[in-house]
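Before anything else, here is the set of structures, which you'll find just below.
Presented sequentially are two complexes of chain A, the first with chain B as partner and the second with chain C.
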Partner chain A sequence: MPAKKRNSSFFTFINLFPQILQQTLILPALALVLALLISAVLLMITGYDPLTSYSSMWEGVFGSVRVFTEVLLKSTPLILVGTGIAVAFRCGVWNIGGEGQFYAGAVLATWVGVHLSGLPPVLTIAAVFAAGVLGGGFWAVIPGWLKVKLKVNEVVSTIMLNYIMIGLTSFLVTGPMQEAKKLFPQTDEIVQAARLPNILPPTRLNIGFLVAVVTAIIIAIILFRTPLGYAIRTVGQNPETARYAGMKVNQSIIIAMLLSGGAAGLAGAIEVSGLTWRMFATISPGYGFDGIAVALLASNNPLGTILSGFLFGALRASSELMQMNAKIPSVLFKVIQGLTIAFVIAFSLLSRKTADEREAEKSEALTASEI
Partner chain B sequence: MDFIFSLQLLLQATLRMATPLVLAGIGETFSERAGVINIGLEGYMLIGAFAAYTTVFYTDNLFLAILAAVLVTVLFGIAFAYFTITVKANQIIAGAVLNIIGLGISGYLYRILFAQTLKASAVRTFQQIPIPLLKDIPLLGPTLFDQNILVYSTYLLVPLAAIILYKTSLGLVLRATGEHPHAVESLGIRVIHIRYGAVIFAAMLAGIGGAYLSIAYANQFVENMTAGRGFIALAMVAFGQWNPIYVWLAGLLFGSTFGLQLRLQAGQTAIPYQFLQILPYVVTFIALIISHGRSMQPKAMGIPFEKEGN
Partner chain C sequence: MEMDKRLQLINISKTFPGGVQANKDVSLDVKRGEIHCLLGENGAGKSTLMSILYGEYHPDSGEIWLNGEKISIPTPKIAIEHGVGMVHQHFMLVPTLSVAENIIMGMKPLASFLWDMKEIEKDIARFAVERGMKINPSALISSLSVGEQQRVEIIKALYRGVDLLILDEPTAVLTPQETHDLFETLHKLAEQDFSIILITHKMNEVMEVADRVSVLRDGRVIGTLPIANVTPAILARMMVGRDVSFNLEKSERAYGEPVLRVQALNLIGDKNRQILKDIALEVCSGEIVGIAGVDGNGQNQLALCITGLMKPTSGHILFDRKEMAGKSPLEFLKTGVGHIPEDRHAMGLVMEDSVADNFMLQRYNDKFFKKLGFLNMTAIMEYAKKLVKFFDVRTNSVKTAAGNLSGGNQQKIIVGREIDRNPKLLVAVQPTRGLDIGATEYIHKQLLQQREKGAALLLISTELEEILALSDRILVMFGGRIVGETSAGRANVDKIGLLMAGMQAEKE
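For the complex of A and B:
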């Protein structure tokens, strides 16, 4: 069939590039372009001019220093949550609970930030971050532990824990943790010393973004350069092999979940200490769920999540601006996000197939020459 | 008397809330029995709910609305089947994508067609059809026999699903496909065809479940109106041990937590409303823990089928 032929020669072309470049840059970029093209058709059908829409999106990302810093602020939680989810997925644990873990981290960080006084800013911020990591980590270890001890399916348990945590937060900010004035469903502001230093006044950009990038790099090092990371990845690829090689499978899963939830919890802590300075029930517009897309677009590579987190942060921020300026519903970014991931999956499967075929051809040629 | 009446209201609400869960759960049972887990039920249901609402809005025809919901979700079901069965993508990832796209496309189109133009309005819904005589049985009558036709349809669907699964050769093949696909293939039956069929059937039922939300339970579409029901249906299948009857009972249990939440919210209670809101999720979570260990999970669930020798 000619169509198939063209298809495979296209992937032969792609396969000329080094594997790492293909996975982290070329195929995701191609997927994004295709998703934008399909969304352009959707825009046209619904009566919008795709060119004006996309150029207003572009403006919403690179139009001014201010909008660009807003994009970085939106990317910060996505990079962290995405990095965490990447670790869990690498370990073969389907952690869909990033949203709940984000909330758990934010709640505990807020509690520390409101009550801790008298310490210098460095220590206060460190304590707030630690609280975020602990909160998120704890909320992720529960389903991790249930998975290894009782074989409870983590997909469903993490999703249920999302709803439970969001409900608990809503209760806390109208009850035990509500502000002293008891006026609004929110906590008091965290102390001055717990607030993250601004790095580019008058914008809102704070050191949170840098913390996210550094965390992603550290987690990448853990994942690819340490025995722990090797164990996590081996367990994800084949638990039986890992067990046979003497690795502690259960322990790896628990630690992967701790890292995963810890990163999401840190994102919650940064959101509070860097931006909102207090906790309220709707603090996340769905960062935990976007994190899944961030991890998948990056092929579960923490370094890649810096790029994909920025990309989806940019999509989210600019689509909100597009809604204000051009009245285009901002949920369009969900469509773009979903389509991008769909194409990434399709590409990775197809390119793997052509790679396999090439291998097969090679070995066939080899046997032929032996004969 | 007062107590009986409250109980009756609670049971009625239970059945009403359980219906979309049962529809999606029975479909998912078949899909997982054939070896394909789909965490994208939420996406199907949103698409179904939106398609049904839009159809009633423009045609005022409830029958067409169900048909539209089925058609549209089946299209998405075919796409999901293609990804997971033909090109062997990871089922969890494909399901997550389905959820994102379902949420995005239903939300986008709803805002374009209705919210922005301020045209959104209540539409005609499925009305209760009391069944003469039966409805006069105390307590059970109004609960079971004063409901709309979609609720009634589950009375047929559940036993039928159980009979098909356990008493027919189709059911045998379906169950074997999720346990020992290679054995099925060696009998000359195409595993891929069985799985496509099961996935499409699941999409169809989840679509009807979604339609129930927008044009039977409520009379309008709301963005993300499923509020996790797709995930609860997923939990029901595991809790119900992949058996349609148990899945139905699990659906009634979860339906009752929603019903209880509504009843308690309507009355005066000292319980903070947030605790009532998270009740269904807490019950699901506890149910998962209780049902661990004696799992009947199909052995080949989640694993793409590879022909031997390839």
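For the complex of A and C:
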């Protein structure tokens, strides 16, 4: 037999750590470092000083309490959307509709937030959140249902539903839901009781970030520690085996989409009730799409999205500052983001492969030893 | 003498990672202008051998001689350069392109950078007619019948200058008329000095078209004979073998009540093809009923119907006298049906998941594995550890992904899991396919133990020896019907072999 080519001992080393740590921390961190190194070369070629650039980037994240809270605010929707996308991906459904689901949640949450009065803040906020979850969930169940019943490819339908929802929002904020003054294409402000409490005045940081983190943890528990999550993951990995095991494949897909869209919708609700207090046509700078990157970077592990969401939130926030201070085009963050994802995917494959080879060897040795 | 032989394979051996030896010292020669059939059961090594010749696999040892010259064939491209072409069972055509475009795809433009499509179409039409085939070069592939698409594949190979053509199960997808046309074409090609290798497991085709036939079994060539010297009975014996190598202790046992009763079961598939026709069978507790048959005669669909994974078009599936036809797989599981599926990769295991997860596959919602609605990881791990030990699964740990285990150990997970659920009926489909002797023996013992415990077993296998060794009663399936039944004691291997091959038994 030809000698097996050994993978580098580097990944053997990485495999000493538990898989969850690898997925959520080690591999993304490695990928980020490499991405930053390559971007540094790009910066040098284009005539910028990488050190200055990166130090201003650092400043933009950790420079002061205020900028740090801004990063957390930016991370909040990314964590939530990313968590949702991770659930769908784990179930084998390619939900590209995070953007539309975010908008759907935001619209419904705004409507409730504007019209619901007379309730104590706790209940009002709960109602606003519920509206967000319902709106996003509903918008995700549509492509799920189409996939299950009519075998419509969910990539196409979720993308199309993005455009429909974004268009619908533009219509709503210039028509039925436009503010009473009819001046700008936006809704009225939501009632005072619907606004999320601030946790660190004078910054804008509100409880939304905590809600996002808790949601990610809850969804991770559902996914990895409940029968429902087991069914969702099995359906995603091998639908035939899932059917064989008596699982309800279609039902699992619908529930996964409900969770997926629900999380994105909740992000929309938090954006409205925590920051903007009203709805307008361009409320999302693409959180729904960045959420896909967040999920991928975290190997579709909801716990990992907390970190990867923070990372992309930080890149986004700091690149804006970088553009102002160091005159570096803020699209650099897209380059870093893309490179990081490419590396993390390559790394996970390599580390998985190394782990598999070791396990297979060990198991093979066991088989051989007792014959 | 040597010039007469176009191709010579000498002592070709091939072992796949995982230990399956697909070819063992295979030697074979093909003459000019000869139609040479490779006959054998599924898994006999025919396709592997031809893939080696076509450069898709590399032999571990052995020589390939073509036109008196020793060559090596690292890729299909080199194979074609040497004049070896292959038509796969699944066509490699682009449905949205024309016949001519498909034929020239991947070839270099003859004179200039631009193709002159009209000229090429004319050339292809002329080329085809010269070789006795008719085709419209400007037609879209998607508008052609399956038989015509196959003709395009043949022309595609010949147009590249191939003079040795391999056809892998070419009639599997054809209607009888198309089959007839194909054979006529092949005869014409042979007259023009082309050599043809035809892979098949149908004996009547061999008798109809071949000049010589080589029978493969278990990766070896059992014999190569001119067609004049063989009869279907001889071929059948060569194909299925006679020597029953399994020696299993089997107690005499009186059967209990029927557990499974199938009545008038029909299944109609795509394009109105009748896959199962009027199936009736009964399996009693404490009994192993074996279903013998060549792959693809409806046995797998029968298993899927009996386990609820496929809905029969009509008929009854009675389980303990309860009608189950049309019920969901979950309900079948709940009534005590265990299922060792045909393909453990496609169904039965989640390769990426841990051994522990795979052991609780159908029971993920059991009280036993839950605590306050959450999965009880301790219970799952303990259960897996118990089963790993009991069923002798050789794994590094219960957290190892199932895909990292050897085939035999993967199968032990499935068998162990199904047995531990204490099924009243266990449907075992190809339970030992691709396993080594040790694992095979182990699994056979487990199945017999279930019989002792009073379970009803339905064993579906293409390996006649396995059926003979385990079954109390044997049914033979061909073309979606049950064409014969015999008790194990009086089983006649030759007769079963003939039934499996679609030759009707004489009325007794």
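Rule of thumb we're sticking to: the second predicted complex is superposed on the first by the 349 of 371 C-alpha atoms of A that agree within 3 Å, B and C clash if a C-alpha of one lies under 4 Å from a C-alpha of the other, contacts with A are read in each partner's own complex, and residues count from 1 in each chain.
We adopt the following convention: contacts are C-beta pairs under 8 Å (C-beta built on N, C-alpha and C of every residue); 3 or more make two chains touch, one makes a residue touch a chain.
Bear in mind that the values here come from a model prediction, so they are computed numbers and not experimental data.
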{"item": "Touched partner set for A:I292, first chain B, second chain C, both or neither", "value": "first"}
{"item": "Chain B versus chain C as contact partner of A:L161, first or second or both or neither", "value": "first"}
{"item": "Touched partner set for A:A245, first chain B, second chain C, both or neither", "value": "second"}
{"item": "Contacts of A:K327 with chain B and chain C, given as first, second, both or neither", "value": "first"}
{"item": "First (chain B), second (chain C), both or neither touched by A:V114", "value": "neither"}
{"item": "Touching partner for A:A314 - first (chain B), second (chain C), both, neither", "value": "neither"}
{"item": "Chain B versus chain C as contact partner of A:W94, first or second or both or neither", "value": "first"}
{"item": "Per-residue contact with chain A, leading partner among chain C and chain B", "value": "B"}
{"item": "Touched partner set for A:L350, first chain B, second chain C, both or neither", "value": "first"}
{"item": "Touching both chain C and chain B, counted on chain A across the two superposed complexes", "value": "none"}
{"item": "Contact footprint of chain A on chain B as seen in their complex", "value": "39, 83, 87-90, 92-94, 96-98, 100-101, 103-105, 107-109, 111-112, 115-116, 223, 228, 231, 234-235, 238, 272, 274-275, 277-278, 281-282, 284-285, 288-289, 292-293, 295"}
{"item": "Residues of chain A defined as touching chain C within the complex", "value": "221, 225-227, 229-231, 233-234, 237-238, 240-241, 243-248, 356, 359-360, 362-364, 366-367, 370-371"}
{"item": "Footprint of chain B on chain A - complex, ascending", "value": "42, 46-47, 94, 96, 146, 150-153, 155-157, 159-161, 163-164, 167-168, 170-171, 174-175, 289, 292-293, 296, 327, 329, 331-339, 341-342, 345-346, 349-350"}
{"item": "Contact footprint of chain A on chain C as seen in their complex", "value": "307, 309, 328-330, 332-334, 339, 341, 346-353, 357, 361-362, 364-365, 369-370, 373-375, 377, 394-396, 400-401, 403-406, 408-409, 438"}
